[in-house]
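Chain lettering (A, B, C and D) follows the sequence in which the chains are written, and residue indices restart at 1 in each chain.
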Amino acid sequence: MMINKDVKVVVQGITGNQGRFHTNIMRRYGTQIVAGVSPGKGGENLDDVPVFDTVEEAVNDTNANASIIFVPAQYCKSSIFESIEMNLNPVVVITEGIPVHDTMDAVWYANLKKIRIIGPNTPGVIIPSQKIKIGIMPDHVFKPGNIGIVSRSGTLMYEIAANLSEKGLGQSVCIGKGGDPITGLSITEILKFFEQDNDTKAVVMVGEIGGNEEEDASVLIKEMEKPVVAYIAGKNVPPGRRMGHAGAIIGGSSGGGTAENKIKVLSSVGVKIAASPKDVTDLLEEVI
Amino acid sequence: MMINKDVKVVVQGITGNQGRFHTNIMRRYGTQIVAGVSPGKGGENLDDVPVFDTVEEAVNDTNANASIIFVPAQYCKSSIFESIEMNLNPVVVITEGIPVHDTMDAVWYANLKKIRIIGPNTPGVIIPSQKIKIGIMPDHVFKPGNIGIVSRSGTLMYEIAANLSEKGLGQSVCIGKGGDPITGLSITEILKFFEQDNDTKAVVMVGEIGGNEEEDASVLIKEMEKPVVAYIAGKNVPPGRRMGHAGAIIGGSSGGGTAENKIKVLSSVGVKIAASPKDVTDLLEEVI
Amino acid sequence: MIYSLINTKNKKLYLLDNICHYSWQIMRLYEYQAKDILSRYGIKTPKGVVTDTAEKIEFDETPSVVKAQVLVGGRGKAGGIKFADNNGEIKKTVQYLLSTSIKGEKVKKVLVEERLDIDHEFYLGITLDRDKKMPVALASAYGGMDIEDIAINSPQSIKKKYIDPLFGFWDFNARKIVKDIGIKGNDLIGVTSVLSALYTIFKEYDAELVEINPFVRTVDGRFLAADAKILIDDNSLFRHREFEEQVKMQYSDIELMTKMKNIAYVGLDGDIGIIGNGAGLVMATIDTVNLYGGNPANFCDLGGGASKDRVIDAIDIVFSNKNVKGVFINIMGGITRCDEIAKGIIEYKNTKRIDIPFVIRMVGTREDEGRKICESNGIPVISTMDEAAKMIVRLVRDNTYN
Amino acid sequence: MIYSLINTKNKKLYLLDNICHYSWQIMRLYEYQAKDILSRYGIKTPKGVVTDTAEKIEFDETPSVVKAQVLVGGRGKAGGIKFADNNGEIKKTVQYLLSTSIKGEKVKKVLVEERLDIDHEFYLGITLDRDKKMPVALASAYGGMDIEDIAINSPQSIKKKYIDPLFGFWDFNARKIVKDIGIKGNDLIGVTSVLSALYTIFKEYDAELVEINPFVRTVDGRFLAADAKILIDDNSLFRHREFEEQVKMQYSDIELMTKMKNIAYVGLDGDIGIIGNGAGLVMATIDTVNLYGGNPANFCDLGGGASKDRVIDAIDIVFSNKNVKGVFINIMGGITRCDEIAKGIIEYKNTKRIDIPFVIRMVGTREDEGRKICESNGIPVISTMDEAAKMIVRLVRDNTYN
């Protein structure tokens, strides 16, 4: 399983606005938030969650086994390393704007220690049937079911989940891969998980222009038994522009990284391509 | 085995005086020296040994699987890392005067990659029965037999080996631990090897003042089946002085690190203590 | 362009070079700045002076080369590099270049350097392979021309060494690829240390690219960085305060304004303003509007957790494009709260006159509160993206043909 | 002394402090130098000036403390730290200290600092645990006194955090032990960054020890390094050229001479000069001479691969001690070649008059050549250490009672 139902989460950066706000929403949804970490604020209680100065203390006191990070970008590398050192797994990094060198170092250290990083710049992960979310997604648009979603974009994941839920297509697990150019878990790794997950019958991949992860994933998809439906954002964006997400740089002359190329490669391995987010629902109904 | 009889050695720093001199002596003794490395000198031949610019090339061309390093202290850290990266094992570091931070980093990297470093500041290792030496010891004082020697001092190892050989007590494997304050293999690790080595019946430990390795080794010795005889140099050195070897700092008031303390601790676990290098032979004859 | 090297086999080209000047994420240093950094790390560069005026320039290393300091690519072909044989010519050339623009970029500084007697031109660089998530060192014996041209013309000539970021890049790693481009003997040691130094710069400056092209061997056997390029990750600028002012200079006013306000804005050719939260959602909104026959006028991403002030700024920016005939605001609340967005829209509406169609769709965190605020102020809220897209397309078309 | 902290349970004390002044391996910085480094890494130190003359000193932060800059330990108890309440007193105190010696060390510089209004004294340090082969961060709420006294009086107060050198020392690692000594809230963040900075210094300066003691909290809540100590690994000085001159000043003439020549020499109380190759062998030689009733006059290690010139220098140094009544040269050739040693002995013999007994024992690399050189010059070579030790003891005794 990507996340055990006994997951006990520590919130790094709990005393910030976003950290505190989403801690309460996650708890209300059902997630066990057992501790917060905020250097210098140790010993306090924030909305009944004990706050510690270090992750080590939080883990010793509460047996936390996963982490979600809201720490400002400048300090984030250190926070990720701190979680990895304490073997928290997964480490969900919400923060955006982390220097790419910092992310790179953290991802390699996580691989060395066999820890999964989700993000950075991710909405996180949600398992509707278990009422667990480690993330910032609006949970009411997600319903229990057997569709897995992996998305490079947060809001687009919500959009598509909302459409699915409305048509009675609930979700097993939804994972935001993170919008940064370098992230922890790749689309391929997440698809591998879905292929093995007993609760998942079909997968939605939400891609976008830039990078090669969708193309790379086609190698795995070719071997997968479960059907994959994809939506790729950015068909109507002119080449040579970069759209907000650092990940969304699109290619020029040779076609790599463009929506067109991604759609071509994915189609060639049997992926159904949705013309719009709404289309995803119809295509899914065809394949399951 | 500490070293396989098919060991193929690359000499890092082969074009220096010492590197070249000892390459020839090692070959004459019987060691397979298959390559030398000296940046900028690649493509040359030195006394029929091919010289390469990098260890990688040397390994690809010659299947070398161990390394001996004569590189000047300033460049040594890089040379050790180069050998480790190519999985050469063991890496015997002859060079003295390496900054202790460099050695520390190299030792930790070696541990991570499960590579054995012998030294730095070691005479190396010799297996008289196989006519293999990876080191700089005068080989004619060593004879085949079943006594293992581990020594913190190079010349004192030769001294004791010469005494043993003269009395017909040949050696299985002799290993210079290295005189620096931080080294790769510890006395305990080397004793562990001797305890398991079928060719070794008894062990001589040559210690000296400073550090706690001899004391630490007593924990293992207590459990060992093979007899251990020790000589500890520095009984007549006044406290608070440091004698050449960086490792040989001796303790003051509380007795740790002194010859007296080492002898006390070792005696308490059944080690026979020699009064002088010559005494070692007599004590060995008693225990085997 | 450098990214093209990473996967030449698949011909995956990212035209980074074309976009870095106005990109949101990468800051490019001027040649003279890059060379200054290089020489502080022990890499030899030609003797030279940088100036922003022709008045007082005294430079004795003639013959010289006079180079416009601009950030656009293809400077040489565009006339930004000139030769001069004496001090008079230098003055005249500097004056001329300072009065011109290269590909639309005003020349503010000029670098005057000794002209090198070149024996051979190499390429050396370190960049980030985002797909492999690791740095890669690149070297080629075919420097001088654009590296993307090398990648196309003689891809085999480009030697690569991937770098484990935890292990680092050691002299022996560098030596391997320096040797692979034909540098031998004593030169091997010197050039290896140049490539090693590039990696140190790459790490210490949070670079996306550190490149020497051409890296030249002169007729008398010296090795120098004849041109240099450094691209720095904008997100790391808190560690590199010395570039704070400069990064501002590299953006247009509108770009700077949006950047400062954490809004991502890119102008497009159409007439429907698009505002959303999250790059993916905004792109999907553009795609959907297109699907129903509309033409988006821009890409405008509020980012995560936008405040009402950021919403007001975004609407302002979108309206600054006079082609805009309607606006579609599409919000999927997660870290973004719908009530904040609604407050921004209402405040904008209450302070500025909006005489063109406005379609709002919002779902997610505090959706009910947001919807209430909009509706109580007479702005209807649509539930689905498709419905909303269709509506804005219809409204703008109706408006246009009215 | 710091090493005592690492294993207080076993009471393993290394009196590093006592020996570092004349050690072969570790260079100690003066307090003012250490503080200069600290402040360059963002650690606050008291306002102060360093001077080597009382003439022109102007220092306005009165009351002041005036501290002799010496490298011996126990400076405070030995009268090296004085107080002064006004400029006149400062001048007088500086003048006085510059005219004195502390524990035999001439005072060459004096540091004048603002006197701090101290609320509490802590201890912070990073050192090397040679047994565990890793750095260790140390902190205690009982600073000010000698750290070895803390280790004896309240060992539990010393908090330790071992550091994996590949992983490094992160703020969260530092935070843990800073918290353990009772620092909380906002102070926690500031003091954590001080301890992190100490590790950065420790790595960048190849230190064996970086220590702030006392690290004080003033009555008005500031944290400052009131005293500081940095010990640097001599072997790393090629990376720290700025200390090259200074390291020379820290040695006596004979120490410096031997050091420059790669000879390790320590004077002892006896009358038999001992020269050998390898610290272990020389110590064993001393032990063996003792065993047979002799009294060694020194420890003298030629190191590995000695040339004939080094041998000549070593004999010279040993003879510079007028108590020496005989010399025992014990060589086990490995990297050292017996022929080189023999050449040195012969050259010394041929140029200087040797009127006291001389016993040579040599075995190993080029033993036959060495033996031949000696014997052909009338110097017998003994085969075993024991035999040679007995002989030198007998010869010196005979000589003494003749």
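Simple rule for what comes next: a contact is a pair of C-beta atoms (placed from the backbone, for glycine too) under 8 Å apart; a residue touches a chain by one contact, two chains touch by 3 or more.
Since this is a predicted model, take the numbers as computed values, not measurements.
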item	value
Label of the chain whose CA centroid is most distant from the centroid of chain A	D
Centre distance in Å when chain A and chain D are each reduced to the mean of their C-alpha atoms	55
Length of the line joining the C-alpha centres of chain A and chain C, rounded to whole Å	26
Averaged-CA centre spacing for the pair chain D and chain C, given as whole angstrom	53
Multi-partner residues of chain A (at least 2 other chains)	none
For chain C, residues contacting two or more additional chains	none
Touch-based graph of the chains, sorted into line, ring, star, complete or other	ring
Touch relationships between chains, expressed as pairs	A-C, A-D, B-C, B-D
Interfacial residue positions of chain B with respect to chain D in the complex	18, 22, 25, 73-74, 94, 96-102, 104-105, 107-109, 112, 123, 136-138, 141, 151-159, 162-163, 179, 181-182, 206, 208-213, 216, 231, 233-246, 248-257, 275-278
Chain A partner contacts - residues on chain C that touch it in the complex	4, 7, 10-16, 18-19, 23-25, 128, 130-131, 133-135, 164-166, 203, 206, 208, 233, 235-236, 238-239, 264, 266, 268, 276-284, 286-288, 290-291, 296, 299, 301, 303-305, 332-336, 363-365, 367, 384-386
Residue ranges of chain C touching chain B (in the complex, touch as defined)	167, 170-172, 175-176, 179, 184-189, 192
Touching residues (chain side chain B, partner chain C) in the complex	39-43, 53-57, 78-79, 81-82, 85
